[in-house]
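Both of the next two complexes hold chain A, though its partner changes from chain B to chain C.
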Partner chain A sequence: MSASQSAVRSRAEAVKVSRTFDWMILFTLFFVVLGGYHIHYMLTGGDWDFWTDWKDRRLWVTVAPIVSITFPAAVQACLWYRYRLPFGAVVCVLGLLLGEWVNRYLNFWGWTYFPVNFCFPSNLIPGAIVLDGILLLSGSMTLTAVLGGLAWGLLFYPGNWPIIAPLHVPVEYNGMMMTLADLQGYNYVRTGTPEYIRMVEKGTLRTFGKDVAPVSAFFSGFVSIIIYFLWHFFGRWFASTAFVSSENI
Partner chain B sequence: MAATTESVKADAAEAPLLNKKNMFAGAALYIVFYGWVRWYEGVYGWSAGLDSFAPEFETYWMNFLYIEMVLEIITASVLWGYIWKSRDRKVMSITPREELRRHFTHWVWLVMYAIAVYYGASYFTEQDGTWHQTIVRDTDFTPSHIIEFYLSYPIYIITGVSAFLYAKTRLPTYQQGLPLQYMVSVIGPFMILPNVGLNEWGHTFWFMEELFVAPLHYGFVFFGWATLGVMGVVNIEVQAISKLLKKDLA
Partner chain C sequence: MKLLKDKVAKLSFVALLAATSASMLYTPTAAAHGEKSQAAFMRMRTIHWFDLNWSKEEVKVNDTMTLSGKFYVFSGWPETVDKPEVAFLNVGEPGAVFIRQGSWIGGQLVPRSASLELGETYEFKVLLKARRPGDWHIHAMMNVQGGGPIIGPGKWTTITGSMKDFVNPVTTLTGETIDLETYNLENTYFWHALWYALGLAWLAYWVRKPMFIPRSIAIESGKSNTLITATDKKVGMAFTAGTIAIVAMAMASTNEKYPITTPLQAGLLRNMKTFEMPAPTVTVKVEDATYRVPGRAMQMTLKITNNGDSAVRLGEFNTASVRFLDSAVLEDTTGYPDDLLAEDGLTVSDNSPLAPGQTRTVQVTASDAAWEVYRLADLIYDPDSRFAGLLFFFDEAGKRQMVTVDAPLIPVFI
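So, the complex of A and B:
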């Protein structure tokens, strides 16, 4: 190979080639990250995300942000620190939401016939925008972890409140007090997931009533800060370009 | 003059840098095939997939399993064998333009890998959740598993290993050793398939109900993280392509 030879015929072709690669890279990154993020999220927080009667004021608010800040932190560590692209978290969340919505519609509804207003996914977009915004404005991993991580936890419940509120309205049914979401769960029976498995509204703090969700969100934000740090460094490792000798394998 | 004419002729006869037809045909193949699979699930999941002791289960689901396994082994052997057998033994001597063309072909493989990973890790895995949370399992080989574990996972493994082999046998960039993150992004998701052993063992040993966040499933999670190795692949590729285009983009 001669060093003087060029791979392209003209500058125009070089620009075109570069743009084409950009699209192919973005497509691949989007869908591979979607796959990894989705399998991670569905198996660490999925049950709270699948069903409205799992979307409670305690465990959903605590678990979902903690397990979902992982991939955004890792992808930011690559896209921002290598390319100064400030959309790592939003790309991850858009991918996850696309995967979830396609599934909830075509499979939860299309195959097992649960109505979509019983199995729609949680909204993670507000936290993702704030996480990317803080990184863009500060350029600091530490500040993004501390402020962004805390915001990620705190914004989750308010970000979902307009969607879930109508289903948290109390109803009386056969002399029992429950929410509309509970009622959905009783009517759309999941034979493989009996009621004793449902983990909602546990713990003594719920007796404080209105404080449950904010306290859970605050705790979730605290853990999200730590998880952000951890996954930022995971992201740096995954983004490395090292080669190893085949003798070491 | 003569030399210019020859050069123009050569350009006209030259294969395109990116074979878009191959890329769109490949993508269509996955999408149409999985569309058909989803149709099959819809029709035979409920009508023949609820009782593994029923004769129709054997007809529509176990036979599906046997056929797909045989076809996957044949496809992997032929495809990987072909890529290896037809490898370039003078890979360091290719022209920069040929190298660029091969990078494009490599990216066509990676785009296919992305589609295959989406269907395996996202579409069919969460679909398995709704199936099990609705239908009580009475076998390891449920309709959703026959599609998820034994069809969609082998397909992304076959595609991912093909992409890796293509890069390793045809691109100068990958001759300096084994790219760590490339291996992570292919071998990690591959390990999800052996992890099915743990999953099935646990479900038959401990519980038949479906709690998706059960610790039994964390093996899938751990190996799913390995998809992030694609960021390392992107970075290696960006460096290599930038090197090829740097002079012309300056």
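So, the complex of A and C:
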């Protein structure tokens, strides 16, 4: 067979090869994204995502969406521009969460004995589905950045509240009031995660009184819009193909 | 030749697999916490731990033990570490092998950070409940904001029994008694599984159709509009609206189920009660101090004046949790960890009782392998090569007084 001849001899064979290629690419994409996104999220979100006593109503709500919209934006841009496939955000988050769960179960629980109910990861899937949905329905990266980025920030806290609310039930402990999450952090000793790092509610301006989480979520959504724009350019750049003229070789 | 090459390649591959598997499966227990690698000046010139007591050496799962003692916040705190204005009393242990049921400084519970004063002594206690069987090195520890963890002495403690029996019951302010070890676990798994399934469903909808090559060809040939169908948009609408609806409903039902919740608690405790040590009547001036590298010994020339009304003798030099004792004056009966105790490590050129009103200049030598083992000799490579420690003098009635020393240290290499 010469180089100019096709590798397949029938349409059925071409379809079969194409599907095999689909699965190979998807498999590779899933695990490459899992690794890269996981490292990125561990380094930038870090402890805010590791422990229940760090999942607060101010900084966690702000930090986690901002640092986590990065890979979904880039992969969405790549898959949309090249293939019109609107599952970039979901495939990223599914990969991240699989990696996170393996990490939390094998490392946090298996090696260092922290109970899983203390170190489970944050849930990012609602934001990812909506981000992909908006891209599909609008067909516009700009609208996805503005509406999807905002939704990503706004959905984060309510998407996690059913999981963390039981840990915000108060308890009286040796004459002090804590939440159950605080008590987990106090009971299950971490040598490198002292209590003072969690002191984030500083400042006297409380226009919205005790409703801190919605304000943080809106702020997070606004910044997520900017981060989406920035990272979708990375995705576009990564998805671009540059041909070199044979004369220049 | 080819056969031989194939065999070598095959055997190499098997060896590589075996080595990889062995290295993955061999996970020995982490026994200590890098305390020896912490800069010597940080251990010598920040928090001085003394009178430490580990109430038990062997504990059953669910039983408790206490780690108690005192710490002196060194007045000559180094500039390279932030002052302990925000500090957290911690425990150094390999994972949550014990849970911390309570910790107190000066009798006050300290689940939060505390502000400590330089030059003051504090009494502390940590109540620990055994959770994971094994032999564990349990340290006193202080985290200082801007400084990091400052680790104190550690002692091997054995936990017996089975972790399966461990329970951590807590009664909430809403009247419910729960086991914090497993509480909320099913709820966590349920929500994560549900959302993961929804994510997979979204992915499955798209991957059931041809993906990369045909779609790429379509876009290249200007037919990108044909790739998203009306059904796709309806499905996208359903997923988007459904997601928002599930989030809203789940939030509402959670608020109904848990009407009383509070934000995470954090804060700083000030005005911690200090421990009043007897006022020292002995004054000590360090004339010079050298560290003899080949002999693993530190030598100080001290000018000691006794301003009290009873003769005194030097019994102990304590630095970086290593205790150098003159056994003729003091013997340890507290079960202090052997590796941190030099029972005859302190030599004084003239340690006869120093009478009231008398001044004497003596050569004090603190020698032990601990200088090397605990890497205290590395002090000579620190950015501020000073040593510091506590001297304990004893009068004729056995009363103890504590004097601090803090001076430059000159290494001697020959």
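Note that in this section the second predicted complex is superposed on the first by the 225 of 249 C-alpha atoms of A that agree within 3 Å, B and C clash if a C-alpha of one lies under 4 Å from a C-alpha of the other, contacts with A are read in each partner's own complex, and residues count from 1 in each chain.
Going forward, a contact is a pair of C-beta atoms (placed from the backbone, for glycine too) under 8 Å apart; a residue touches a chain by one contact, two chains touch by 3 or more.
Just so you know, these numbers come straight off a predicted model, no measurement behind them.
By the touch criterion defined above, A:Ile69 reaches neither chain B nor chain C. When the two complexes are overlaid on their common chain A, residue A:Ala217 makes contact with neither chain B nor chain C. Within the superposed three-chain model, A:Leu147 lies out of touch with both chain B and chain C [touch as defined at top]. Within the superposed three-chain model, A:Ile39 lies in touch with chain B and out of touch with chain C [touch as defined at top].
In the superposition on chain A, contact is made by A:Asp182 with chain C only, not with chain B.
Shared-chain residue A:Asp132: touches chain C; no touch with chain B. In the superposition on chain A, A:Trp111 contacts both chain B and chain C. Touch criterion met: A:Asn174 reaches chain C, while chain B stays clear of it. Of the two partner chains, chain B and chain C are each touched by A:Arg82. Overlap of the chain B and chain C interfaces on chain A: residues 15, 18, 21, 25, 82, 111-112, 114, 190-192, 194, 197.
By the touch criterion given at the top, residues 15, 18-19, 21-22, 25-26, 53, 55-57, 82-87, 90-91, 93-94, 97, 101, 111-117, 120-121, 123, 125-126, 128-130, 132-134, 136-137, 139, 155, 158-159, 161-163, 165-184, 186-192, 194-201, 210, 212 of chain A touch chain C in their complex.
Chain contact summary for the complex, chain B toward chain A: residues 11, 17-18, 38, 41-42, 45, 92-97, 99-100, 103-104, 107-108, 110-111, 113-115, 117-118, 120-123, 125-127, 129-137, 172, 176-181, 184-185, 189, 192, 208-213, 217-218, 220-221, 224-232, 234-239, 241, 244-245, 247-249.
By the touch rule above, chain C contacts chain A in their complex via residues 27, 33, 86-88, 90-102, 109, 111-113, 131-132, 141, 143, 145, 149, 163, 168, 170-174, 176, 178, 180-185, 187-188, 191-192, 195-196, 198-200, 202-203, 206-207, 210-216, 218-219, 224, 227-228, 232-233, 236-237, 239-240, 243-244, 246-248, 250-251, 253-255, 257-258, 260-268.
Per the touch definition, chain A reaches chain B in the complex via residues 1-2, 5-11, 13-15, 17-18, 20-21, 24-25, 27-36, 38-40, 42-48, 50, 63, 71, 74-75, 78, 82, 99-100, 102-103, 106-108, 110-112, 114, 119, 190-194, 197, 234-235, 238-246, 249.
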